[in-house]
Amino acid sequence: MASHHPIMTLDELTAFLDREFPQIHLGGRTYFVDEIGPLTARMRMDYHERHLRPGGTISGPAMMALADLALYAAILAHIGPVALAVTTSLNFNFLRKPEPRALVAHCRLLKLGKRLAVGEVSISSEGSADVVCHATGTYSIPDRR
Amino acid sequence: MASHHPIMTLDELTAFLDREFPQIHLGGRTYFVDEIGPLTARMRMDYHERHLRPGGTISGPAMMALADLALYAAILAHIGPVALAVTTSLNFNFLRKPEPRALVAHCRLLKLGKRLAVGEVSISSEGSADVVCHATGTYSIPDRR
Amino acid sequence: MASHHPIMTLDELTAFLDREFPQIHLGGRTYFVDEIGPLTARMRMDYHERHLRPGGTISGPAMMALADLALYAAILAHIGPVALAVTTSLNFNFLRKPEPRALVAHCRLLKLGKRLAVGEVSISSEGSADVVCHATGTYSIPDRR
Amino acid sequence: MASHHPIMTLDELTAFLDREFPQIHLGGRTYFVDEIGPLTARMRMDYHERHLRPGGTISGPAMMALADLALYAAILAHIGPVALAVTTSLNFNFLRKPEPRALVAHCRLLKLGKRLAVGEVSISSEGSADVVCHATGTYSIPDRR
């Protein structure tokens, strides 16, 4: 069913997300798909005060939303526009406090099955190699015919 | 260090969260601690369009934010106001699509150690027994003297 | 597809596990399904030196094997004998060191879908209410016709 | 406290594991630390019938035991021989059925903190690039003086 190579371009993927999930841009666009590759994707979340916790650090929920959206985008890029893929589980380890800067989510798909896709994400502050949050996620893929 | 009985009242806990995390009420108050008991807590998240996904369902990130906040509040209620307790890991299973209604998070603390607290949360739509999202979380507790 | 009530008896379930998974009894029978109820099951693992770590505590892998087997049995009891149900993910929190005694796994099924079943397990030492290990698991259910 | 470079050699690490965890070799030695590097380690588990499930596939619990041991060894290699480091949580995604062959666990440490170490593991069949099981784990590190 699924190839190891993306079948959507960056522009197609961005247009699909904008159309199907307009609410992620509420309050101003902060999510950007930066790159798609074989079983990989990279998404950026710009720094915005709505993502903050006191002390200037970026909130856990903001990182969780980024990880989920980035994995979802990575999967779509490889299986094509299927608005109904559904997150079934997510696991997060929070490793360091992120600085008040853009975050970058590096996704790697571990499995693209007929019914289930699984991937991992490492989130770092832009320009840093330190992982601030690591996540794995599983997504259920609807039957198609 | 930690008792099996809460040491903060509902009002004290609510006041603490309001003071330390004002940003959770951005756009209108939707989170309410409804009950605290021995190793348990219940938090409600009112229905609000900023928590939605297309189709009227409540978004995964909104449920994740609720689970994290509810567990955090449950722990604080039992160890006292420690703004620096830190989420170290979270695991989520998404079981059903929630209806466009208030969600209720039922927390149970499984461990209240000197350095680590662990709890689980079952989130249901208000008035329903079906769990829409189940989460477990671990929190690091700072040294105190 | 799945009812909230078990459709296998204790004896049928035990016979099925013995037939399909004889290797779990290698070195002597230590696993026993003790009870099945609506969306619940309880499995015991007797104390045996092959489950130990130095210091007399029961090893993490022994608890993980128990959790997986108990959840698997709980699901089978509710969907009928399907040897091909497959574990897709497991999450564990290790809360306390278990004493050198039998362990009891209390399972609760959170979802019994057509393709996916999800449950949680709390493992305690026999006769104790303290949870030593908590787990959640998801299982893929094969198509049937 | 912890360096990004291992401070134990392969031989020292193997000798430590043999001395502290003799029971992992019960029934014949199957675990071998193959390599240690900066924040990485690789462990092999040889094919043995005690790791099997019917159909010739390697059991989930055997993979979970390998992941836990490999992460534990990777952490020890970087913080020195601390027999009391304790697994606090583990998360597994099972991606494919492993073939009846040796498994190789590739570990990467994501965090080596004063109190907590976090790492991920990708397990593949020897000679294959396909990940059959992915795990993340967190380990509590005892206070030292």
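Every chain is named by a letter (A, B, C and D) in the order it is written, and numbering of its residues begins at 1.
Assume contacts are C-beta pairs under 8 Å (C-beta built on N, C-alpha and C of every residue); 3 or more make two chains touch, one makes a residue touch a chain.
This one's a predicted model, so the numbers in the text were calculated from it and none came from an experiment.
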Quiz prompt | Most widely separated chain from chain C, with each centre as the mean of CA atoms | solution = A
Practice problem: Enter the angle, 0 to 180° in steps of 5, of the rotation superposing CA atoms of chain B on those of chain C. | Solution: 180
Exercise. Weigh A-D against B-D on C-beta contact pairs and write down the one with more.
Key: A-D
Quiz item: Between chain A and chain D, what is the gap in Å from one C-alpha centre to the other?
Solution: 28
Self-check item: Computed distance of Cα centres, chain D from chain C, in Å
Solution: 24
Practice problem: List the centre-to-centre spacing of chain B and chain D in whole Å, with centres computed as mean CA coordinates. | Solution: 33
Practice problem: At least two other chains touched by the same residue of chain A: list those residues. | Solution: 88-89, 91, 93, 138
Quiz prompt | Footprint of chain B on chain A - complex, ascending | solution = 20-21, 23, 26, 50, 52-54, 59-61, 64-65, 68, 86-94
Practice problem: Show which residues of chain B lie in contact with chain D when the two form their complex. | Solution: 88-89, 91, 115-116, 138, 140
Quiz prompt | List of chain D residues in touch with chain A within their complex | solution = 91, 93, 95-96, 110-111, 118, 120, 122, 131, 134, 136, 138
